[in-house]
Amino acid sequence: MERDSVKDQADSYVTDDGRTIGPTVMEMKNITLRFGGVEAIKDISFDIREGEIRAIIGPNGAGKSSMLNVISGFYVPQEGEVWYKGAQRPPMKPYQVAQQGIARTFQNIALFEGMSVLDNVMTGRLTQMKSGLLAQSLWKGKAEREEVENREIAEKVIDFLEIQAIRKTPVARLPYGLKKRVELARALAAEPTILLLDEPMAGMNVEEKEDMSRFILDVNDEFGTTIALIEHDMGVVMDLSDRVVVMDYGRKIGDGSPHDVRNNQEVIDAYLGVAHD
Amino acid sequence: DLVFPSLSYRTGPYAAGGIPFADGYADYFTLLNERDGGIGGETIRVPECETAYNTEKGVECYESTKGEGALVYQPLSTGITYQLIPKVTADDIPMLTSGLGRTSAKNGNVFSHVFNFPANYWDGASVAIKHIMEQEGGSLEGKKIALVYHNSAYGKEPIRTLQELSEKHGFELKEVPVDHPGQEQKSQWLQIRRDKPDYVIMYGWGVMNQVAVQEAANIRFPMDKFIGIWWSGSENDVLSAGAKADGYKALTFHNVGSDYPLYDDLKKHVIDTGKTAGAGDQVGTVLYNRGIYAAMLVAEAARTAQEIHGVTDITGGQMRDGMEQLEITEEKMAALGLPDFGPEFSVSCDNHGGEGFVAVTQWDAEAKEWNLVSDFMQSDQDVIQPLIDEDSKAYADENAIEGNC
Amino acid sequence: MPEQLAFTIEVFMNGLMAGVLYALVALGFVLIYKASGIFNYAQGVMALFAALTLVGIMEGQVPFSHLINAILGTEVHHFGWHVPAFLAIVLTMVVMIVLAYCVQRFVFRYLVGQEPIILFMATIGLAYFLEGVGDLMWGSEIKTLDVGLPQGINVWIDEFTFDATGYGFFIDNLDIVASIVAAILVIGLVMFAQYTKQGRAMRAVADDHQAALSVGVSLNFIWILVWSLAGFVALVAGIMWGAKSGVQFSLSLIALKALPVLMLGGFTSIPGAIVGGLIIGVGEKLFEFLIGAPFLGGATENWFAYMLALVFLVFRPQGLFGEKIIERV
Amino acid sequence: MLDAANTNDVAVENLLEVNNIEVIYNHVILVLKGVSLNVPKGGITALLGGNGAGKTTTLKAISGLLASERGEVTKGSIKYRNSPIQHQDPAETVKKGVVQVMEGRHCFEHLTIEENLLTGAYTRADGNAAIQRDLEMVYDYFPRLKERRRSQAGYTSGGEQQMCAIGRALMSRPETILLDEPSMGLAPQLVEQIFEIVKSVNEKEGVTFLLAEQNTNVALRFAHYGYILESGRVVMDGPAKDLRENQDVKEFYLGMSDEGRKSFRDVRSYRRRKRWLS
Amino acid sequence: MFYREAGDFNTSYAQDQQTFPIKFDRYRYYLVLFVAIFVIPFMVNDYWVNSLFLPFLIYAIAAIGLNILVGYCGQVSLGTGGFMAVGAYACYKLMTAMPDVSMFIHILLAGVITAAVGALFGLPSLRIKGFYLAVATLAAQFFLVWLFNRVPWFYNYSASGQISAPERDTFGILITGPNTDAWATYMFCLIFTVGSALVARNLTRGSVGRKWMAIRDMDIAAEIIGVNPLRAKLTAFAVSSFFIGISGALFFSIYLGAVEVGEAFGIQKSFLVLFMIIIGGLGSIFGSFAGAAFLVLLPVLLKIVGVDWLGWPTDIVAHLQLVIVGGLIIIFLIAEPHGLAQLWRVAKEKLRLWPFPH
């Protein structure tokens, strides 16, 4: 097992579309997660490679979000290991995971409703801001400098996602789609190594999904950010992702290129209903 | 005119105690105005200010009334007293804290502007013991006495005195604190039921009194062995326990009831003319009488001041002098229509507290009235005076006071 | 029986009884919190108000007499009649229902869907308001409340235990009555919340008032209902506590005794209020008896109750019986 | 019931008429700027449009839930069976037969699934037996709910909660259901399933639906008539079939170009690219 | 109208991040400060200072402190009275132990000590949330008051258990005790109030402030995006207690001069300060001032109107005062649930749009 992952890391991988993606950055090994009697995840292993877009799909309640929660350290699996950048990750608090460069968005928007868009995006920079309490209370020296530097990065992300106009608006007033975009901005502001997206396009219409797809692809292209993505819109999944994991009631029932997965009978039965066009 | 601000509390947790006092205080001055045209020809004004027994409001009241030419303050709350001690001294206005406040203010040498005649908390403690000793035929050797007290500065006042006295007389003292507000005293009274003290002394205030009397009745503690300080000895404190409170005792530094010539005048000039301060339904209650008494002391002090300074429109400083030379005699009281209403005493530069005469009253639940059951007795000055000297010296040192006498 | 043990048992039992009295107050909080997520700061003042009204009605006091007299210069105080306790309780209950209606109609109707802290704030305003109105209406003198409840040591238990163990236990008659009343109240309220349509609607409103609205539950009605119930509980608490200490301002402070109970039992659980009350009652009394009074100088009950609750909370952040806080992302 | 294709030909009774309404939140934020629509009895009417177009607001204006969000209908009228309902208490509206299934499910987290469903029957006065019968009916439509009837709704998965919310609405025996984004966050198979159920409830029970959806594709397959809302105004309406064929709708709402479905990888990439690189 | 941001450009991020990015606001702020420093001290007498300005300034500091905890970090606390007592007793011990050190230092040190105590009592906040936490902080309240009442060391073994502030000065100007000048105590408190407001403002607009607000708005999400919740909460408790400690120290030494812990720092105080920030506006420094002003000034105002102008009996006025304050709180909440600060904000927004309604 261990030798395998060493080997994998050295490898690069060529997708169906002919994109070359890098070695494994994160590997989940035999994860099992239980809530009382409910087994939300049953012995699942899969890997995420550097620079790829990895989709996770499956019916409702399959355990997809729970898997992301395991990755971000919010749920602690009863069994299994998480390997990150070639080493086994010790037990960690979620904020420590975030500091390691893993950022995410949430299925049910988890923005900070009492703050403006800009402040929300700036919270993405928190892991990088280190000035002390005293310096901040006087707003001098490092504190002020740091604030401006990070503001510049945040503004870049804001420009990138085209939300300049609502910079100062309190997020509570935004419509759903924009909130999702702000959430993405907050995650991007952290300049993560791995970006976890939990249904970024739920509740959007096609036009907005197109926009969001573009953003995701650009993030992947421009920054080389590795992305793990949960999505129910098969069109999006098929078009964007390099590899797909399929879960069903906590089990893994498929893993491979979008094309393979789409034609997997078990996946069709459990999830797609009809073979997707 | 003469201005005697009344810092009253007709609202808040202690309203029940504040209302009758404030009524009595105001009614007495109304009487003087109506009947005699004031004091020495000067009419009296009593601006009332509501403190709700709250120190901050007390300060606000003080600041807002002192500009009107206030002559004397009676803050009626130990907390407010402590705030005002330095302020009145700086502003040259005297303050009277009969039976409350800072006990060591008796030392006029240190506390030039504070008066606490005719009696203070330590006098109360001492007389309570004296009374118990009388009941027990002169000796307290081997007896057990419990002190149930409001767990605050006020309630803790008698502890030192009682400790000294317990050493002196050989009784065992048991301290039983009750936290504010004192609505639940089960564990305190179970403790008392178990320890079976021979007597219980109480320094309570507000709802704590009512609950304590009730609980004492519940455990069938003999009521005549339960003695409260004067702030635990009004009608309010016993009425809610009904018949079971019969026999409960309390200390006092003035007499009870309304059987005095003054009350006839009051009825004629104030009550019947509808000039009463409150609803007029408190006349003759213990705290109303205390208000009358306090007003009387102030009025007499003002009269004294007018005499020694030869002016009628006196200032605060002159009022202070009047208080310092006040002498209350039986003739004076009789002339005022209050014969035998309180102890005789005189004030001097080093003694701002009188002689410390205190009497015991007892509650008659059937007649719903308090009766005096002892003479006015003097407290044990041998014990108290050293304590006063010690405490006032500490204050003098802290505040670099040299002495006025 | 060794003395110390006998005393300890006695303290324990009295702790239970005291706990019941705390629970009576806590119940009112639970009802309103459960149905609307409102932490009702005014619950203590409501108990005071109910008790004042009860006494006022029984004595035939003229409401607002001070104000009337001050403005009109009249001298009215009493109607001159006395109302029997039972009738007065019914009338007081009517007043409490009117109060519930007004609270809903003039305050909370406009605050639907606000954050908990804002609703909490509104109850603070309400507390001020009610306190002022109560004083204006009935005056702030201390009043004796006598609806004929027995009080004082229960002689039968005293004698029985004395015969059995050589030590007569002290149990207050009022506490026994309170326990019976509390038991009936709790059973009644639990049945109501769990098994009736209105009870279910009440819990639904607590969870998600918008969704409750969307299925046709009338928030107005449910809230008037719970505020009335809370008013009733306040009245009961007011009677019990008023019998101990007379009716006066301090009655509103009994709320402080209910808070640790609430916290320990869980804000949303009716049985929790009782169990919490018992634990707090016993805990604080035993601590005071065994440790507080002998070693710490006494008067430890206030803070100990809170500390005890705090320790429980660290292990169960939603209280013993509170609904589990659902934390998902 | 009605045939999806033929609605425009048949003159039908309008149950619900929304007439030129304007909605303001918090006294300052103008959201609906004159929306009118008609919901025919027995039909499925779809309300389409992008984020923030005002679909939810429209539904809430109808059901009366706006008031609890500090929103207000300031102009226009909403009539149900020809009597105005815009300022009514939501409970009254439910009694008249209009229930809303809210966006984002909104189950009662601490109640069990069954208690959730029973709460749906709050306004009914036709006795326990009838309610039990309808409970069985709901379990027939959603067998999954029957399995989870004793679990707290807060711990069920998104799909189950959606079923619970629809089932709960059915329990009040409504004449009209306002359904807000039923497909959001559901797996494709389940979306299909839910819409099938909507269709069969519509056909079997005769319940009228007004349906707000982002998923234009599915919505137009199942609806009879559609309105398209954009920033607080109706920009287009017509029978579902016509809308499906409309060029603009195809491009913007169905994601089709002339050559069929576009790939998400290709769309408008040039535009973003240009901007990003500049 | 006057209130426009148009034409008011910021050309750097630093400029955009300043406290009052809009010019009009900035000038108004300078004006207020000017009046507070150069006009009021020359006009006040004892009454104004002791009954209005000192309580207002001191409560404003406490309100700022509590607002950091409740309004910015979302941790509801009812321990304010207890923490103020810590500040007061720390100040008392320092004053009496080191009579020659400037009061300035004592007050700051009292703040630091309170911060430490506050952080300690903040520990349970990691697990306990919402109203449960609020009630839990009462444990601190009751315990601290009991402690100061119980242990004679804290009150230097005085007979009554009260503490009273001896005369002390700073830079040679007397600021405690009875012989102070009104302007001196006023200025002393003003310095602390303005300083506190500035520091609070700086903290809340920087990264610490964002951590707090993130925790407030959604603590789980905050933790997942990289905020250490314990650290954030404890700093909030510490910073908040620092301010509250300062206000407690000032309250005791400058304003009251003598204090009995149970009464001056009882639970009523905790509630009072909480009311201030809720009425003023949670998460707003301006709101802290507005709330403090409301609850300090309104009762005095009502009293003046009722007793001095209308000549009504004091008790009726006091009761009516309760009714009016209670009624006003409710009316304000209905008009604007987010406090006076929000009322002000909405007013500004309307002004900006004026004369158009939307």
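Which chain is which? They are A, B, C, D and E, in the order written, and residues in each are numbered from 1.
To be clear about the criterion, a residue touches a chain if its C-beta (ideal position, glycine included) is under 8 Å from a C-beta of that chain, and two chains touch if they have at least 3 such contacts.
These numbers come from a predicted model, not from an experiment.
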Ordered by label, the neighbours common to chain D and chain E are A, C
Of all chains, the one whose CA centroid lies most distant from that of chain C is A
Between A-D and C-E, more contacting C-beta pairs sit at C-E
Distance between the CA centroids of chain B and chain C (whole Å) is 35
Between the Cα centroids of chain A and chain B the separation in whole angstrom comes to 74
Chain centres from averaged Cα atoms put chain A and chain C apart, in whole Å, by 50
Residue ranges of chain B touching at least 2 other chains are 10-11, 15, 19, 151, 179
Multi-partner residues in chain A (2 or more other chains touched) are 74, 106-108, 110
Note: chain D residues in touch with at least two other chains are 29, 155
Given the complex, residues on chain B that touch chain E span 8, 10-11, 15, 19, 48-50, 52, 54-56, 59-60, 63-64, 66-67, 78-79, 82-83, 85-87, 89-91, 102-104, 151-154, 156-157, 160, 179-180, 277-278, 387, 391, 394, 398-400
Residue positions on chain C within touch of chain D in the complex are 112-113, 197, 200-201, 203-204, 206-221, 323, 326, 328
Note: in the complex, chain D contacts chain C through residues 63-65, 67-70, 89-91, 93-95, 99-102, 106-111, 115-116, 118-120, 122-123, 154-155, 165, 168-169, 171-172
Chain A partner, complex, touching residues on chain D are 29, 48-52, 104, 155-160, 181, 184-193, 214-217, 252-255, 261-265, 267-269, 272-273, 276
Residue positions on chain B within touch of chain C in the complex are 10-13, 15-16, 19, 151, 175-179, 181, 183-184, 186-188, 190-191, 193-194, 206-207, 210-211, 214, 217-220, 236, 239-240, 242, 244, 274, 279-281
